[in-house]
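Same chain, two partners: subunit A is paired with subunit B first, then with subunit C.
What follows is the complex of A and B.
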């Protein structure tokens, strides 16, 4: 169809080539953003359930149990269905036998520690507060990748974006009195724990970017979730005897299992679209920052609207400011998106 | 057992010299090992590798409105690939003679030896 207009002086070949590559980065960024509501639905519900029976029998065992018994098993199932339908399941075993496949274990451990920290923080300060702070992991990952991978990140808009994130966080924290279930030292510890999650997820974010450079994203993702399932359950049942009581109650309650499906499948959709496809297509800086900030904004948004946490304008305003900051960090002039890592 | 497409693409590019390989030649080469439907992701893999700076475009041409590109592996990434992948195994799986690949990669090795003793 384009062959009929050879006389039109179109863009030069290198320009066309760059535009074609930039398109893929943009698609990755769109995926990363579209996945946001799925994560909000999943981790918003997790944040509410973690303070309810049977998970409130003992903490942090309850936080451990909701991750190991509900979020991750259904997440693994969701990702397995995706791999089967998309025909990429073969890559899950084909990727082994090379040193690069050790990244699967690295991201599984990092992801597990981050997920566990998030659940603990959600029990202490609630999802409306833990969500927006947790979303900063994308920025941590971007900074690590920017340094180690020389992904170009430092421009004037990046600095304004970082300032926006700082202001946003400050506004969100000022809403903490309303939305946090605990106060004083518990709230402080909760914030420290979510900062721990941010750092761990940030390293994982970088590891995903590094791993997907060489490994097929879908197979890599499945092992990340499956190994987390094994590690989380083994540690939980070995270290926390109360977990056995919780497991019995969870698996005999159809309602809790259904909640688990919502949490796990929502998390899986975000993992597939935002985290892996987003990062694999758009890089750790753009994909990671958008998947993180946008997804976690929806945790706060759903928590104070759908899930019944007291409403706080500060949390919404702060989250929006954070998101604008993140958008500034990832915004790039046209035609400049491709070939970032010199 | 066939390797994942991404490993295969990287291996072929590794075995090719700095001159690079045209995308359609790479497609033909891999068609001996993969079904055509599995190779639909080939361009995506190439663009991913190019986005992260592992590949550079050695030559571009236009043919009937289509963009044709010859890709070559960036020199700085060769040691990383040697470290991360078992290349002998992959070359065997792809039916590529390890000896030929060795000689094809030799000029690169020699060029890098100048920088890293």
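What follows is the complex of A and C.
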């Protein structure tokens, strides 16, 4: 009589699910980081162009115009092409008319205000300075999500990470003398405006995490960008007469249209991969902090290396310190994890 | 069709049971003694197909980004941004941006190949 050896049991479905969930979070962090250079390419160019003709005819109308006429239209086009090729247009279509689509309007308004504040700040203090400060939106979003989702993010590594971000920003600001096109009160106002963007984007960061619990990320994103296009253009043409002159010049100049394609398509890549998929997979804390810190660092980095803004080592050193701070915020120490699992 | 939507095709944007940050395990079909249910296999096949479609979408969008960068370099329009601007750098940075973004999807395909 031969005894049959039972096959070794594999992991149960709940175990497999937990393992897959952990992998998804890690992949979300990879998406958030590797999409960062696309944002640097796009908003670094926007930050340089916003101070050139025809956008310098009048400020902040010029900042409004570059967002409404170049960044968002090409961004919506890029996201639409991605949706058509990937098949996610079906998700965008299914959201139309559903009550949850009001959430996309809420996020679009927040995102639009943040984008507008960034462009205004870039005109005042330049992208090399506005970029690293703007990246702090991830921390704001993490704090909001931590409070509303009751996630325990307050631990020693988070506090050291926040201190690192503070020191990093202080070092970056010391580079303002070199990289900022304005000084004195204008520079101060520019910093206040980018802080406004940080707060608005921070809320959007939380709203993406909450929204992607209800809706697929890519379909949600298309409505957010499309509604921003409508809101931005309606407000700009209604409130700022000079914008009509700017629009005429922009749309009749092949150079500006080509620059707009770079800004819009680069922004679209970051929005899809880093911002929405990153946060949908890794959550508002990990995805948001990494998407913000990495993406906005590259704005400063490309501004001073490719786009001709004077080089400042303070911006680079400050950004590296911010990276370390962000890494401490998103990583969970072994002891903390063991206690959490127990 | 996204990974998230395909897990509940009967719902129109149905609310999910858990938040992204709390990360509780999502509901799964019951395991059987003979292995995963056919619906699990269907779900995994859909997710795999979706990740490939995401890659195709990103490749097209990346091409749309590289074309204007090459035009800007060929026509010398990069000089408009300032005297310190590096023209060829625009194209190299664009290629680097595309490699990084496509690399993220490639990491997803390899690291989560069981999906």
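Just so it is clear, the second predicted complex is superposed on the first by the 311 of 342 C-alpha atoms of A that agree within 3 Å, B and C clash if a C-alpha of one lies under 4 Å from a C-alpha of the other, contacts with A are read in each partner's own complex, and residues count from 1 in each chain.
In the analysis below, a contact is a pair of C-beta atoms (placed from the backbone, for glycine too) under 8 Å apart; a residue touches a chain by one contact, two chains touch by 3 or more.
Just so it is clear, the structure is predicted and the values come from calculations on it, not from any experiment.
Enquirer: Is A:223 contacted by the first partner subunit B, the second partner subunit C, both or neither?
Expert: Neither partner.
Enquirer: Quick check for you: in the superposed arrangement, does A:215 touch first (subunit B), second (subunit C), both or neither?
Expert: Both partners, subunit B and subunit C.
Enquirer: Now for A:45: first (subunit B), second (subunit C), both, or neither, which partner does it touch?
Expert: A:45 sits against subunit C, while subunit B stays out of touch.
Enquirer: Once chain A of both complexes is superposed, is A:34 in touch with subunit B (first), subunit C (second), both, or neither?
Expert: second
Enquirer: Mind working out whether A:112 is in touch with subunit B, subunit C, both or neither, as first, second, both or neither?
Expert: A:112 sits against neither subunit B nor subunit C.
Enquirer: Of the partners subunit B and subunit C, which touch A:98 in the superposed model: first, second, both, neither?
Expert: After superposing on A, A:98 lies in contact with both subunit B and subunit C.
Enquirer: Looking at the overlay, does A:24 come into contact with subunit B only (first), subunit C only (second), both, or neither?
Expert: Touch partners of A:24: subunit B and subunit C.
Enquirer: If you stack the two complexes on chain A, which partner ends up touching A:13: first (subunit B), second (subunit C), both, or neither?
Expert: Both: A:13 reaches subunit B and subunit C.
Enquirer: In the superposed model, which partner reaches more residues of subunit A, subunit B or subunit C?
Expert: Partner touching more subunit A residues in the overlay: C.
Enquirer: Of the two partner chains, subunit B (first) and subunit C (second), which one does A:55 touch, if any: first, second, both, or neither?
Expert: After superposition on chain A, A:55 lies in contact with neither partner.
Enquirer: Return the residues of subunit A at which the contacts from subunit B and from subunit C coincide.
Expert: Subunit A residues touching both partners: 13-14, 17, 20-21, 24-25, 90-91, 94-95, 98, 100, 149, 212-216, 219, 280, 283.
Enquirer: Can you tell me which positions in subunit A touch subunit B when the two form their complex?
Expert: Touch residues, subunit A against subunit B: 1-3, 13-14, 16-17, 20-21, 24-25, 90-91, 94-95, 97-100, 149, 212-216, 219, 280-281, 283, 338-342.
Enquirer: Looking at the complex, which residues from subunit A come into contact with subunit C?
Expert: Where subunit A meets subunit C, its residues are 12-14, 17-18, 20-21, 23-27, 30-31, 33-38, 40-41, 45, 48-49, 52, 78, 81-88, 90-91, 94-95, 98, 100, 145-146, 149, 151, 209-210, 212-219, 255, 258-259, 261-262, 265-266, 268-269, 272-273, 279-280, 282-285, 302, 305-310.
Enquirer: Give the list of subunit B residues in touch with subunit A in this complex.
Expert: Of all residues in subunit B, those touching subunit A are 1-7, 10, 44, 47-54, 57, 60-62, 64-65, 67, 69, 81, 83-86, 89-90.
Enquirer: Show which residues of subunit C lie in contact with subunit A when the two form their complex.
Expert: So the residues of subunit C in touch with subunit A come to 1-5, 12-16, 18-23, 25-26, 28-31, 36, 50, 53-54, 56-58, 60-62, 64-65, 67-69, 71-72, 77, 80-86, 89-90, 93-94, 96-97, 100-101, 103-105, 107-108, 111-112, 114-115.
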